[in-house]
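Once you scroll down, you'll see the structures, which are given as structure tokens.
Paired with chain B in one complex and with chain C in the other, chain A is shared by the two complexes that follow.
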Partner chain A sequence: MSKKIGKYLLLALFFFILTIFFLALKNDPRYISNDLIGKKIQNFKFKKLNGNNENLSHNDINKTTLINFWASWCYPCRLEHKYLIKLKQNTNVKIIGINYKDDQENAQSFLQEFLNPYDLIGVDNDGVESVKFGIFGIPETFIVNGDKIILKKFIGPLNQKNYQEIINIINK
Partner chain B sequence: MKKIFFIYLFFSLNSLTVQANEMSDLEQKIFKNIRCLVCQGQSVADSNSEFSQTIKLVVKDQIGKGRSETEIYDFLVDKYGEWIIYDPLFSTSNFLLWFLPYFILLVGGLFIFFILKKKNNN
Partner chain C sequence: MNLSNFGNLAIFSTLLITLFIIIYSIKFLNSKDEILLFPNKLIMLSLFQTTISITSFFSLLIGFIISDFSLLSVYQNSHTLKPIFYKISGTWGNHEGSMLLWINIMIIFAYLFIVNSRNAETKYRIFSLLAQNVLIFGFLFFLFANSNPFSLIFPIPKEGLGLNPILQDPALAIHPPLLYVGFVGSSIYFSAAIGSLLSNYKGKAFANSIKVWVMTSWIFQTLGITFGSIWAYYELGWGGFWFWDPVENASLMPWFVMTALFHSLLVLEKRETLYYWVIILCLLTFTLSVTGTFLVRSGILNSVHTFANDPSRGLYILIFLSIMIITSTIIFLNNFRREKYNFFINSKETFILSNNWFMMFYLGTVLIGTVYPIFTEVLNNLSISVGPPYYNSIIIPLLIPFLFLMAIGPQAKWIKNEFKKYINIIIILAISIFANLSISYLFGKMTVLSNLIIISSLFLISYTLIDLVNLIKRKIKFNIARIISHLGFGFLILSIGINYNFSLEKDFNLKVGDQKSFDDFNIRFISINLNEGANYKSIVGKFKITENSNLSEENLYPEIRIYNNSEMLTHEASIKSDLVKDLYLTMSNINRSDLYNIKFQKKPFMIFIWVSSIMICCGGIIRLIEKKK
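Moving on, here comes the complex of A and B:
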């Protein structure tokens, strides 16, 4: 009798472990930003690009705003730049750019070469302040509403599909 | 007078060194428990990537502001999710992970105990 119970227990344990492994296979262990969606952004302060010690802060977000983290050394930022320009031309969304770990002269040259889609530009020389946004590489882009709630986060360069998504969110 | 000054200087420098070591021990402990999100299986302590360098600065900054180890983990988990911490935080969704090994050990121990007891009786 106890032998039978032991066998059933072993079998149950085997299937239990199998189920856990099977469920774990479905989990994506990589970093996903879904946790940030719906959260209010933390108070932040960046020095403005050529702003004579003026600061860019959370108080500058008073309507639906796109916050884009970029740098002149970042090749994918060049690829997405045309979509930011298009957004600037076709919508009235406020666009804030955060120049990430960059040389300010190079950043200026980048904007002269590819045009400036940003209403305001902040500078993060060491990347510390950007951690408040959960940044782990650039480019990354957020859509934040007037109440400073994160509506969407895009990791990597924006593409045509993302552009359309942004338009849909703005027009909601 | 000179002697007293040197003794004072020695103890001041010594206590500063101890404080600095304590600080770096805590930093090291935290760095080792934070996953480098852009690396393959490396902690922030093992990595020299841009991400790790930034996180190291953030941790130093937070320690400087007097935040505790748990508060620093909470801050990073809030921004990057629980994946960033190697040592998982205790929660209702992972309590099995914490207690299952003990449970299995207990059940296994009882199982062996009863088998041996039965053998002895026979």
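Moving on, here comes the complex of A and C:
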């Protein structure tokens, strides 16, 4: 009898672990991140690049804002950079960059070379805050309105089509 | 025909041949006549399968060497400016290529197993081949459908994206294939265990047919882990060699089971008992290898070894893993017969079993630590990471009795043992305590736990050495492989213990011409030079390190490298090693100013850590050669 119970317990444990692993796969932030759309930003807290222990917070989002997660080591970030520059030049959207798991020196020289489209830059050295915020990989870009509500999220490098979409959202 | 078509054709042909092997094996097993001779057809098919799959791997390799950017995996992981050595290692430095290597190892091992097991029963060999080919089929299907290394990209890019510079290191290039041979190699005794259960081929004969494979995979696994640590130490620039990262854990878990397995095999060989336990270990090794692969490749765990993550991959491996576990458990339970164990408590068998208990304990600890974050994430939506304090506080205390048993165990007799020479043990213990005291006198104070670890490792070393001297004196035939491995393990723990307790680390800023003094050291920043490498430029600093107590002087040359294609910086440590210590120095520039941030470390006994790991391996290699004779 006790052996049978043992067997069933083992079976139950196996399926429990399996379910957890399965759910963990589903938990992939890339799949749940759409839930972020329409939500209000709350836990947005990043150290400022070169700031003396100053922090960025959700209060910095006071008008339509683009939040862009990037790093100097990220090749696709280079590809999308020109669209960020164009947005800066052609619109009055506020752009906040979050420098993700990067070497600060590399980040600086990246901005010197490709120009700096950002109004504010936050730093996330270990990537924890970014993951908490809901990003999975970089680059990722969010459009947030003045009420701090996320309107849209772009996964991967921005392209011409995304650029147009962003312009449309800003002009609305 | 281009490379992609050729490669796809080769993979598809391998898939077909695998299917043929499965069908033929089932046909042979179902035939009413008793099978006496192993069918030649299966050997030929297996050889054919091996040839074709090696061909597919080489065509990918050629794709990397000639930089054929029409292949997506080459485009994503290579670059024309990369040195040829790293073009080659790029083949397995990505998910798709490594899966192809994985399948190759399974196929090659299947063929070698069939050819080398001529003395074993035919039915057992066919069942084993069948089981292995079902596994191969599963992975091939995965490769073909989801992770095809020969996927095309159009239009063909002119240049590749390049390999991450920190991955351009010889130790890194070598360690993945070593590990693959280790834990993918374990698939063959997974299959053999299934074959043994289904054909009722048990006991000593079974032990004999798999022990070479267990030993081979264990040697490669040990080497792989060692080279992985060497890479982490020399290249990552963190000054450590083991971080309890999920991927490191994924390689360590099968290692624990392999170690337990070849110790249990000794008992199965000598006493014809523990058969079912050996079977469980055989099944567990490969199951853990696949579990590790699932954890790493699906991206549900974060680690320094990030492969481009893809949840569909994870789902496939998870389904495959579940089928593997369920099927093997059903086969096991259906064939399980209760075994009687009558071990005398003081006997060699018990000592060997105690090795298994410890290994299982370590396995459990590492497994829980590795998967725990997944559970908290799913159940409580809480992201945590389990760090070294957890592992250290659980594993280290239990190393102490483990080392003692490891010293005493090998001298015990089979069936019934008696301790006659208590006095020897006491003397050796006294020597170890005395040596420990001199170590803490020379280096400085340490905690009680560290003292105990060092005493027990010294005990293992001296006990094994004295044993060796006695055996040579009495001219008894002895097991040199075991002595070397156990000695190596003793030295490994001893050097890690000393290294852990007496490392010195300093972090400060300097300008060229400045100097800094602390403890016993004086560091002078002499100059800076620009250098040009094959595919990078570098800033090389020159530092003079003076040690006041022995007035020795060393020059160290740390580098900051700027890679041409990715414009990425890496900080190369400069390391001076001698027998008793490593001096380790990295520098990084602060905001493009004249100031440089300097990290200086003194790490005692680093060389001993590598040497003793290699020693553990050598024991295995000697054992393998002895068996071949």
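Operating definition for what follows: the second predicted complex is superposed on the first by the 139 of 172 C-alpha atoms of A that agree within 3 Å, B and C clash if a C-alpha of one lies under 4 Å from a C-alpha of the other, contacts with A are read in each partner's own complex, and residues count from 1 in each chain.
Here is the rule we use: a residue touches a chain if its C-beta (ideal position, glycine included) is under 8 Å from a C-beta of that chain, and two chains touch if they have at least 3 such contacts.
This is a predicted model, so every value here is computed, not measured.
A.B. asks: Have a look at where A:133 lands relative to chain B and chain C in the superposition and call it first, second, both or neither.
C.D. replies: A:133 contacts chain B only, not chain C.
A.B. asks: Given the touch rule stated above, what does A:106 touch, chain B (first), chain C (second), both, or neither?
C.D. replies: In the superposed model, A:106 contacts chain C only, not chain B.
A.B. asks: Count the residues of chain A touched by chain B and by chain C, then name the partner with the higher count.
C.D. replies: When the residues of chain A touched by each partner are counted, C comes out ahead.
A.B. asks: Where does A:6 make contact in the superposed view: on chain B (first), on chain C (second), on both, or on neither?
C.D. replies: first
A.B. asks: Please identify the positions on chain A that touch both chain B and chain C, taking each partner from its own complex.
C.D. replies: Looking at chain A, the two contact sets intersect at 30-31, 128, 131-132, 137.
A.B. asks: Provide the residue numbers of chain A that touch chain B in the complex, in ascending order.
C.D. replies: 2, 6, 9, 13, 29-32, 35-36, 101, 126-128, 130-134, 136-137
A.B. asks: Which positions of chain A touch chain C when the two form their complex?
C.D. replies: Chain A reaches chain C through residues 14, 17-18, 20-28, 30-31, 72-73, 75, 103-106, 108-110, 113, 128, 131-132, 137.
A.B. asks: Tell me, which parts of chain C touch chain A in their complex?
C.D. replies: Residues in contact with chain A: 161, 164, 294, 298-300, 309, 311, 314-315, 318, 322, 325, 371, 374-375, 377-379, 383, 566-569, 588-592.
A.B. asks: Can you list the residues on chain B that touch chain A in the complex?
C.D. replies: Chain B reaches chain A through residues 37-38, 50-51, 53-55, 57-58, 61, 76, 78-81, 83-84, 104, 107, 111, 114, 118.
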